[in-house]
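Each chain carries a letter (A, B, C and D) given by its place in the written order, and its residues are counted from 1.
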Amino acid sequence: MKTSRLEAFSDGVIAIIITIMVLSLRKPAGTELESLRPVLPELLTYVLSFVYLGIYWNNHHHMLLVTRSVNGAILWANLHLLFWLSLIPFVTGWLAESHGAPWPIALYGAVLLAAAISYTVLQAQIIRHHGSDSPLAAAVGRDFKGKLSMAMYAAAIALAFGFGWISEGIYVAVALLWVIPDRRIEAVLRDVSGT
Amino acid sequence: MKTSRLEAFSDGVIAIIITIMVLSLRKPAGTELESLRPVLPELLTYVLSFVYLGIYWNNHHHMLLVTRSVNGAILWANLHLLFWLSLIPFVTGWLAESHGAPWPIALYGAVLLAAAISYTVLQAQIIRHHGSDSPLAAAVGRDFKGKLSMAMYAAAIALAFGFGWISEGIYVAVALLWVIPDRRIEAVLRDVSGT
Amino acid sequence: MKTSRLEAFSDGVIAIIITIMVLSLRKPAGTELESLRPVLPELLTYVLSFVYLGIYWNNHHHMLLVTRSVNGAILWANLHLLFWLSLIPFVTGWLAESHGAPWPIALYGAVLLAAAISYTVLQAQIIRHHGSDSPLAAAVGRDFKGKLSMAMYAAAIALAFGFGWISEGIYVAVALLWVIPDRRIEAVLRDVSGT
Amino acid sequence: MKTSRLEAFSDGVIAIIITIMVLSLRKPAGTELESLRPVLPELLTYVLSFVYLGIYWNNHHHMLLVTRSVNGAILWANLHLLFWLSLIPFVTGWLAESHGAPWPIALYGAVLLAAAISYTVLQAQIIRHHGSDSPLAAAVGRDFKGKLSMAMYAAAIALAFGFGWISEGIYVAVALLWVIPDRRIEAVLRDVSGT
């Protein structure tokens, strides 16, 4: 089976998820600058989720570049990832309106953790299909960054009950870990993880 | 006519249907764990409909892999299938809010049945266009699984009036029939149906 | 310029328009069969608009099959068509809730008429770009069916004030004119229009 | 890395943004012609935003036609542009309901300005990747039109506080600057900017 239609379908779903999130931004109640203030935390949560979905699209793009063919297990692992990503607008909306309440913060982290796990499963399925000496297996290595992210999500979920702002800081930190480190941090991580 | 644009359009429509369903999930009323409880049946119905749409995308993908060209009848049969799939978010939303009332359960099954019938019609049109000795005709065979699914939907519609939980169990069972059986069950079905 | 990205973008927009219309279907107020009754006229209007968008996608598909390249004027003529198509969910929603009031019926026809005109403009731009001896020019001919449709829309708009049901019948008739006549009517029209 | 998936993803996102805006158009409250009147300013704002998104798609299309490959920086610069475009439905909705209040007019301009800046950044990243002697660098030149647009947005933001109608006129003027000038104005600008 060819990867092009899997790519196209995933692109479509991620493009829609990233875009419909903006529909959940409530229109300001008035026309003054102050009426934007209650929208601001929603907007910041929206930015964070936009960045996360951008990271997933980016990494998914790179992963499929070294994927030559797909099988049934990969198709379902991909749909499983898309399922968790599709819940991001839902938890983003809840988090945005909750002013630091613990459960919305924890659930946001839980969906991010589930998405990260399902991405790892998809990655493992592709590597199994292509062999452990494939370019993807070499590129992934011991996947230090992926494992670190999952540990950070788990910590953020636990910290949500009492230290919600730390949890939110962790969500920002993980996002930065994947966006920024195109040069230095990535080189460091490469040394650490032995890829 | 080439199949690529039919594929792309169908991918687009299915990707949107699968994604906008999440928009119908109501935001929890509060910020406590308990406020998630009324959302839970909606979420489970959403998961079920997500899986069904994933199955349709998957099967559609496989069917078009062995379709070399399309004609006007195939284009319209495909739009007919997409129409019924587009109603899934509507019946999912009704079912999710109805706490076991018979009509929403029956209508959910009726839309699944109509989608299954329109899929069979599309399949038949493609086989007619490619000839009964085409790879698709061989792969479909007597289409035991398709016919079994339609019979199960019909049973679930009838059982909705009095035995709603059995109907819902049947919807889950048909979905599993198409997701799980990549190895054993599929082999059994292959023996039974003689494909 | 290549036509592939114009195709992909148009497919995306039409796929979204055809799909988000279902979002405007209100969930039934209760769980009884009767609670579906007020949704029924909405559903029928939805079906009609779905068929119209299917026809446009279908015809657009065929037109681009014989389009080798595009220029700036074609890109904008295409966006102009997509603009009017994007208003179909809006007028569909108004028509569906209006129980035969004249203005919603007339506006529905006005948007269909504007879409038909913009389609004709797009067609003319493509023919101008490819020359009057191009396959598209030959296929379009005197465009009897297109002109007949526009005349019927205009009549339906006028009849909306007093004879709303006739207008709605005309909208159904024009749709059938484009869906059904794959064999006989098309041959007749071909004789009449001299293509 | 190939540009095709970047194109497809961007097309998807822009197609969705341009289409879901229509969801924010409120259904008229009654069935009379008068009930359309409050919808009219919303409709005009919708048309303006539709044209802006059409311009961005158009220019993005042309830019990627002369882009042979992409790197990580280009992927993120592209996502940055899509982020600002995704806010257009939000500010369009606020502007449409605000009957000339200054902050919604200013915010609309601010998002257009941010989108223009992010487009310039994307353009610069692509030029840096392809070299200053690339066809894109030659086509962009000193980018007089881009700089003029940004200056006009800045002026419109300032003028929103007291001269809101001038600001709105500027938004229309910038759109026309990019839509109309396929022949004469473009030639003039070409002379002025030395491209």
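The working rule: a contact is a pair of C-beta atoms (placed from the backbone, for glycine too) under 8 Å apart; a residue touches a chain by one contact, two chains touch by 3 or more.
Owing to the predicted nature of the structure, the values given are computational and were not obtained by experimental measurement.
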Enter the minimum step count from chain A to chain C; a value of 1 means the two chains touch.
2
Classification of the chain C:chain D interface as same or different, half of numbers criterion
different
Rounded to the nearest 5 degrees, what angle rotates chain A onto chain B on CA?
90
Geometric centre distance via CA averages, chain C-chain B, whole Å
28
Quick one: which residues in chain A touch 2 or more of the other chains?
8, 12, 16, 20, 23
What does chain A use to touch chain B in their complex?
1-2, 5, 8-9, 12-13, 16-17, 20, 23, 72-73, 75-76, 79, 82-83, 86-87, 89-90, 93-94, 97-99, 101, 103-104, 107
Help me check something: in the complex, which residues belonging to chain C touch chain B?
7-8, 11-12, 14-16, 18-20, 22-23, 25, 27-28, 31-33, 35-36, 47, 50, 54, 57-58, 61, 65, 179, 182
